[in-house]
Amino acid sequence: MRRSVQKKKKASDTFPCTIEELKKQLSSMLQDSPDLNFSTYTLGQKRIIVFYFTYQINKEQLHRSILDTLLASQDKTWDAKMIQNEVPLASSTLHDTLISVAKELIQGGVGIYVEEDEQPLTYYIPEQARRAVSRAENESLVLGPQIAFTESMVTNLNIIRWRLDTPELKTEKLIIGKEIPTEIRIVYLKNISNDDLVNTVRQRLEDLDVNDVMDSNVVAQLIEDRSTSIFPQLLTTELPDRFCNSIINGKVGIMVDKSPTVLITPATLFSFLESTEDIYFRWNIGTFLRIMRLVAMFLSILLTPAYVAALSFHVEVIPSSLLVSLGQSRANVPFPPVFEALLLELLIELLREAGARLPTKVGQTMGIVGGIVLGQAAVKAGFTSNILIIVVALSALASFTAPSYMMGGAIRVIRFPMIILSGLWGLLGIFLGLSFLIIHLLKVSSLGTPYLSPLYPFHFADLDNSIVRLPWSRSNRRPTVNETKKPVKFSQKEAKKKRDIDE
Amino acid sequence: MKIQLQVPVGLQIKAFYLFFLIHTVQVGSGIMGVSTHVYSQAKQDAWISIIVAGIWMSISVFCMSRILQQYESADLPGIQVDIFGRIIGKFLGTVAALYFFGFMITLLLNYIEVVQVFLFPTIPTWLVCFFLLSLVVYAVLGGIRVIVGVSFLFFVGTVWLLAVLYKPITLMEWNHFLPIMGTSYTDIIKGAYKSTYSLIGFEALLFVYPYVQNKQKAHLAAQQAVWGTTILTLAVVVITIGYFSGPQLERLIWPTLSMFKIIQFSFAERFDIIAVGLWMMVILPNMVTAMWLCTHTFKRIYGLRQKQVLYMLAALLFLGTILFQDRLQINYFTDMVATLGFYIAFVYPLVLLPIVLLKNYIRRKRGTSQ
Amino acid sequence: MKKLICILCVLVLLTGCVERKYIERLGIITVIGYDLLEEGFLEGTLIFFQFDPNANSVSQIITSRANSAKGIRQDANLKSSKQLVSGQLRLAVFGSQLAEKGIMRVTDTLARDAAVSDLLYMTIAEEDAKAILSSNKMEDAADIGNYLNSMIEKNIQNEVLPYSTLHQFQHDYYDLGRDPILPMLNLEDGKPVLRHLALMQDDRMVGKLPVKKGFYLKLIESRFEAGHLEVGLPREKFKPYFKSNRNHEEIDQMFVTFDEIKSKSQLVLNSPDSLSFNLDITLEGRILEISDDLKIQDPKVVKLLEEEFASLIEDEIKSVVEVFKENQVDPIGFGQIYNKERPLKEKGEWRKLMSDISVDTNVKTRIVRHGIIK
């Protein structure tokens, strides 16, 4: 009895009320939106009002399921319970307050209120603007699945369920954002992922105190360990196969609604240099590609600084066969090598940025104009030496081989301080920068996992699938850094008897 | 001050890394000139001196680990307080900390001089000092995990320098080693003594022991580390003696670096310049570990905040380093630190072990009689 | 704290600059020549690269005088718009006058300077260093320095010249019981050529040895991997084995060229008191050319050839050692071997003993192939 009194008290703020009253209150609550549609029907003894945002709901469902049922017989006298029973839709909710009705409307609900009833009823039949699942644009692959995530969480979950159809897959739901709430899912395999890791992820996300979340990249920046670092600490990807592969190996994924990229954690430095294509290739080619990317990263950071250091300080180091051609190409240039190198690096960065901002068709032309015409002109005008053009182009190219756009960006930015250091203190500056970088990388961690793993802490077995790739028959362990519940994927076949020739 | 030092599991390191920690703290500025020092005493038998020093070192490490095994999880400052009482124990601990401080000064001074000779004759001392110290401070702020990482990664990053020495090896003359045992035993022992500056640092074991996770393997790792250093030093000494003729070797200050002068690649004509730059990465683990040992010891003894000690010591090191002006002063100071290091690393454990055993024996006796 | 770090960084950037050496503002010395003038003055000839957009040739030459090697650099700097640096020094040429007085005076500066490479080639000019460096006959090479450098480098690789870098010179100079040996540059019709090797007593040149005899020097001292030798053998002995008579009767020698010579030598001291050495050499080679039409498939001929070849080498070695004894120099390192038995105290000690040594030579030769025709 007491309970019903309380309930009545609470509900009595608005309900029961007349239809006109409801209309007025709801309109003012929703800023008198012109898109709010009210339709009133008189059925039996009572008037019923149906209201919704015209573009937020699926009209097909509204007509077929709700209105058809309601208007089937004009004599029935409806109440909320009856509607729930008769309308062939599952997603109905009863509300006590008007504000919760308004929230549901915004997200794509249809409100139904029977005049002077206790509670209004809503059906959730949203229609969201969403694009179809399409090819991956940013992480393009030659081999393997081409499908990419979209902005719609439902679609993304659908893809993941399709790839990982095991009951062990757990997708925990969290809502973050005080002003504009966003749905976030923590995705992992219950029987594989480390519980501590999942708890850490959950803890970090729950502790977030933010108004809104723009994108998964923002979430990544909000929950990472060391926000002062230049290195990305959570892996973002738009490829479902990459995401699922990580999850099978014991990592934890984070999905953010409205974002076409998902997050994988923990990420190590080497995971940013991996591509799923390495896995689709044969193991030896995959190994080659991985080592090549690692070398490319070093080249990209060190090549231009080495040029600057050699030409400004260490003439001794230049090979005698290169000395004359280097010297002659430098003779025309009015700037010191540091400035020259910075200028050219900046040029390349500008080209890249312009290419990324412009529409695809124009962007391509930009690249050609910038690369060929400007380069030629710069050399002709005596702005830069032509050897530097090769050096800078090589290091720019090398930085683009990083499969993660984030990591590529980090590498490109690191180059600038390195060039300045080498311009100031030559080789000493380069090694200073390099040492700093290594110490810094040692300090970085990704949700508690060391960033440089498996190099430090050294796990010999983990070198497989991070720096090299072994044949599938030998690669039977999940990475030890993930501390999975099942470290072994399958037992090594015992049929490894050494056979003699022709046996 | 507690005698035992309990370290949380998250901060513990595996004994495997102890190898790198001890090895890299040993190999640094000493190895640049070790051949000249040893050769000046032991002549063509310098390599025997190194082996003698290696054996001695091995015995010392054995004593150290026996001392440490007497306690469950203690380090040298704690043990000293336990053995000698609060005042003397703390005093001895302070001496050890100051010794690490001096050790860092010699490292800085020697490397800065090399940079000034090989790379930039005009570079100010304080600048290189500032560079190195800022890196050291940055690394030490990360704690033991980063320090071990620094020693491991920088070891991996510089160990390939050995492979580059194939060229001097092809130019070696085996005549230079004959006649074997041509010098007297005393000279060989003196040579071994001279080599100690390039070998000290393994006393770090006495300080990091509580941080080792699997303590039963610590002794083995430490032995491997000192033998690794011995073999490395031996290789360097053998190659330099074969490559340089005797009197030529005696005239060189850094024979190891001079050897890099004849190495050339098609992309880099002069490897010695690169090697000197790269040597920063050989020196850094040295300095980082020594700095951690020094600050940690102060923290242990006086209960100070390690961060504050770190900043203060860095400032003092900076000032201390720029006070030194010329080669003679540097040599004098290096000799002093080398002597102190010799007594701390090579003599002290041998003296301390019987005392510790005796004390424990007495303690046990008392325990049973009561 | 943050502010302090910022201030420190700015201070470092402002004050911590080091001397810059932009390549286009440098005169990069590649070859340096030293001559001794009458009054004890040194004359230095420097060949260096300088890079100017308008210059026809990158290579320049400057001559300057001073009392010391460093003084020469300073004086030369007064004569050039570029700052001269010695980081790319590849070759040093010492005039014969200076070489006779001793080259350590300038070599010490080169060795002390960390910028100078240890792989710098050391040579001695038969006349003036200046004359050789001023020569403009250099085939198609970019400049004279390049030409000289590649000529010497090639001949060292072909095992014609001894390895004569700055490091090797210092090594031999300081070593007990050994003397350096350096190649000599000479002008023939104004073109630099290699004709002799300079025998050095410590750092003083005391005699010459023809480059061809350098083969025997190397034969004694170390091993050949792919040597090359042309010898004249007495023609009379082979007369019975001639297939036809295409021969030039007026010459009484038969010329045989061997190449791909592989050798091993073993030098031992029999007894320290008598100073008698024993030298065993085994040598394998291939016949490349014979001036006479010989029945080469006959084992007897091959045997005879091998014997004659061996005895010729023995004779030559004897004569080379005689030259060394006369000049009291020891580029082979007999003294080093003596040093093993009886440690020498100083260099002069061996010099006195050197003239009393005797070498007993045994050579074994083997001819492995003789071309693609019989």
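So that you can tell them apart, the chains are marked A, B and C in the order they are listed, and the count of residues begins at 1 in each.
The definition used in the following text is that a residue touches a chain if its C-beta (ideal position, glycine included) is under 8 Å from a C-beta of that chain, and two chains touch if they have at least 3 such contacts.
Because the structure is a prediction, the values reported are computed rather than measured.
Taken as a graph of touching chains, this assembly is fully connected, with contact between every pair of chains. By number of C-beta pairs in contact, A-B leads over the other of A-B and A-C. Among the chains present, the centre nearest to the common Cα mean is that of B. If you average the CA atoms of chain B and of chain C, the two centres end up 43 Å from each other.
A separation of 47 Å divides the Cα centre of chain A from that of chain B.
Each chain gets a centre from the mean of its Cα atoms; for chain A and chain C, those two points are 66 Å apart. Multi-chain contact residues, meaning those touching two or more other chains, occur in chain B at positions 120, 123, 127, 264, 269-270.
Across the assembly, chain C contributes residues 16, 18, 87-88, 117 that each touch 2 or more other chains. Residue positions of chain A with contacts to 2 or more other chains are 313-314, 316, 318, 320, 425-426. In the complex of the two chains, the chain C residues touching chain B come out as 8, 12, 15-16, 18-19, 87-88, 114, 117-119, 165, 167, 170-176, 178, 333, 336-337, 339-341, 343. The touching residues of chain B, counted against chain A in their complex, run 14, 16, 115, 119-120, 123, 127-128, 131, 135, 138-139, 142, 145-146, 149-150, 152-154, 156-157, 264, 266-270, 273-274, 276-278, 280-281, 284. Remark: chain A residues 313-314, 316-321, 425-428, 430-432, 434-436, 438-440, 442-443, 450, 452, 455-458 touch chain B in the complex. Note for the complex: chain C touches chain A at residues 13, 16-18, 20-24, 26, 28, 30, 49, 51-53, 58, 85, 87-88, 90, 115, 117, 142. Within the complex formed with chain C, the chain A residues making contact are 311-316, 318, 320, 323-324, 326-328, 330-333, 336-337, 382, 424-426.
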